[in-house]
Amino acid sequence: MPKLDYLVEELVTGNRILAREGVVDSFGHISVRHPDNPQRYLLSRSRAPDCIEKDDIMEFMLDGTPVDPRGRAPYLERFIHGALYEAQPEVMSVVHHHSESVIPFGVVANQRIKPIFHMGASIGHEVPVWDSHDHFGDTALLVENMEMGRDLAKLMGAGRTALMRGHGATVTGRNIRHAVYISVYLEVNARLQQRAMDMGEVKFLTPGEVDKVASRTGSYGITRAWENWCRRAGRPFQPEQA
Amino acid sequence: MPKLDYLVEELVTGNRILAREGVVDSFGHISVRHPDNPQRYLLSRSRAPDCIEKDDIMEFMLDGTPVDPRGRAPYLERFIHGALYEAQPEVMSVVHHHSESVIPFGVVANQRIKPIFHMGASIGHEVPVWDSHDHFGDTALLVENMEMGRDLAKLMGAGRTALMRGHGATVTGRNIRHAVYISVYLEVNARLQQRAMDMGEVKFLTPGEVDKVASRTGSYGITRAWENWCRRAGRPFQPEQA
Amino acid sequence: MPKLDYLVEELVTGNRILAREGVVDSFGHISVRHPDNPQRYLLSRSRAPDCIEKDDIMEFMLDGTPVDPRGRAPYLERFIHGALYEAQPEVMSVVHHHSESVIPFGVVANQRIKPIFHMGASIGHEVPVWDSHDHFGDTALLVENMEMGRDLAKLMGAGRTALMRGHGATVTGRNIRHAVYISVYLEVNARLQQRAMDMGEVKFLTPGEVDKVASRTGSYGITRAWENWCRRAGRPFQPEQA
Amino acid sequence: MPKLDYLVEELVTGNRILAREGVVDSFGHISVRHPDNPQRYLLSRSRAPDCIEKDDIMEFMLDGTPVDPRGRAPYLERFIHGALYEAQPEVMSVVHHHSESVIPFGVVANQRIKPIFHMGASIGHEVPVWDSHDHFGDTALLVENMEMGRDLAKLMGAGRTALMRGHGATVTGRNIRHAVYISVYLEVNARLQQRAMDMGEVKFLTPGEVDKVASRTGSYGITRAWENWCRRAGRPFQPEQA
């Protein structure tokens, strides 16, 4: 299968999985960098993730301009995706979501999400919080232009995750499966971390453990989850293409 | 499709969505103002929201008198709806429910639901609590006459939401989708707010942010959710009529 | 339909509803007093509630002796049922369960479940806790003879609900639907009460409100829930027989 | 049916039940000792539990060497299983999982899971916590060789359960159903225990109660749950073989 067709299928599947696994509800989105042109990315038209079909997938320039819209309305917040592809050549997929357990960590000072179990190590040593109010004052909280997107991308740097105060989170990955995997376990880690914090002082993973687990998190483990998530989401499980 | 037929379909769908999304269980109800006569409203007979069919939809005068009951028993609390349509000409739809996360905020002093993320901005700056005991003493807590309904409507004023102590909540909207949308995110916001409060001092949305988000919450975003909710509830997604 | 056949159908449905609504898992049971002989009751053989069929329903004497076992093994804890029918002639149905939100209230001193919203009023003014250890010392915590059953029944008196420390809860009703209804809302009330207690001082329903709501909780409201629960459990909704 | 065929069926069913009941997600595994050769055990190839079919079941020597791999990739953490079968001749089945409610108890000092209700008694008097860091320093937290497996097995001794700090839990049983049963109620007990601890001082089961319940937990009760879990998981319920 041509790489582009493969990625469109993966992208539809990624959307459905994020919905089925409770990372997104009717809002949130996932994109993938274009396989032939790194200055472009693929992202659905403005639609709830669990409703998305192949024909909904649009192509965008990094600045958010749709290449061939054919009347399809884009997400207002597509600039999150373009700004991250622009800033980090290594990033191949981006997820933006409002996953429930992460929201509280974005609105309480001095409480940061950190890995409390090995499945959470891929989120990084500590999840930073981006507050749109710092540089943009009172807004509708949406990342609706490249200036805001670049501000978020600057805070993230090469990190995989960031929270957005009063809004949600953004996650990057080496490919679609990686970004979905981190998104799912960011939610689980946040949920378990809050429960652990309720009981007392938490022993987080050591920095060395985080690095060792993250360096081991590859296709072997992610594929095991992906097959299961495909089945749960009612989507075909296609062989991974490098 | 004639506006009345359209609204009856929407009302059945709204009931099913509220059930599927966990806002109502076997109790709670949603109404819409009559499209041709603002002195009347449409509301199901006394039945659980997830069981409601088109033939269950009855027509009421604002004082709660059924127009053509044909043996159908009405909800005891229909006065909530009539009193709000009477007091607020702009209100086109009303939801009354016992959504789980909002109940605790109605029974604890000095804790008010306030928007902690952009999806919650439509609930208003702060959700007031109406206590039937203040003016009516010991009752069965039900709003079972116009006097109680008007007391609640007075507290709500032009606001979109109110809690009812030891009972539930009431929400108003510009149309059915808007009232359902606010009801769903009132529940989510309350759930996340309690979790955030457990962790420390909460940074709520600023007043300016609440206003900016609320003014942007229109058909563009709500339709995206509505399509998804229709699919989840097994209901047809019909085009919106203004 | 003969009353006995009607009750057997209702009993199967009651079991399935309790499972579907999360009151029981693989354990727990519901019985009904025999319609023709108040010295007997009907209860399933030892089987998970969601698996129960009509042929599983057995007849017992109040002391727990099966009338016509035909090889069917009874629940070890059937004495809960017999002791309550023996002590309270008005009781027509009994539920015993391990509903999750009530367990914590049974193992923490000085925290009692009390109605915090109108749907919880049927549980009574305060739910007492029976501790088998008080009179029986170290046991397997099961009510496995009439002596223990009578001790529990004595604590309950004419009340509708009791917790059992380290074990679960028992509920009585005027009929099957009533006992199921109270069981469902005992769980919901406990869940919401704990969340409210986490936030501050709780304003419970006043004693007068509890009495007014409870006196109003009749077939009108319960039937509305029952129809919905039948649908969710995939069971026929049969007309109520007095 | 030959014992080996019976056990392979049970093992597939055990995997599906653990997934359906929320003990495992895409990770975690269950094994059974070989019926004819106590120096071997049966365990799936590396696959998510809810996807596992009969052909996925592999045979291993206690040191983790696959007997007839036929290209099937094994779980990295199979050494947990071999080390426990090696150390405890009585153990016939082992479950390793990352059940959500137990994780927090593994990362907070001085909070141990203990039975708070009779269904939890099979977990033992107190669930110990194994910290891989104590003897192995910074690792990827996985039990990926026999040395680590034996260290865990040593901590567990004849106990049925242990938590693994920042990782998950391991459970042993007299047979597959027993190990699954304990795994399910370890999760429930942890969940309820945390909620009880939130409310005040907890009255746990007495040591005598734990012993009495555990000694009574046999095929009678477990089979009742197993039939129900088979139905929920869409698996045939086969008669138990001793």
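Labels A, B, C and D are assigned to the chains in the order they are written; within every chain, residues are numbered from 1.
Here is the rule we go by: a contact is a pair of C-beta atoms (placed from the backbone, for glycine too) under 8 Å apart; a residue touches a chain by one contact, two chains touch by 3 or more.
What you are looking at is a predicted structure, and each value in this text was computed from that prediction instead of being measured.
Under the contact definition, chain A and chain D share no contacting chain.
If you lay the C-alpha trace of chain A over that of chain B, the rotation comes to 90 degrees, to the nearest 5.
Rounded to whole angstrom, the centroid-to-centroid distance between chain C and chain D, based on C-alpha atoms, equals 33 Å. Centres computed as Cα averages put chain A at a distance of 46 Å from chain C. Shared contact sites, meaning residues of chain D that touch two or more other chains, fall at 198.
Residues of chain B touching chain C in their complex: 25-27, 46-48, 50-51, 73, 98, 100-101, 103-111, 133, 137-142, 165-168, 194, 197-198. In the complex of the two chains, the chain C residues touching chain B come out as 115-119, 188, 191-192, 195-196, 198-206, 208-209, 212-213, 215-216, 220-221, 224-225, 227-229, 231-232.
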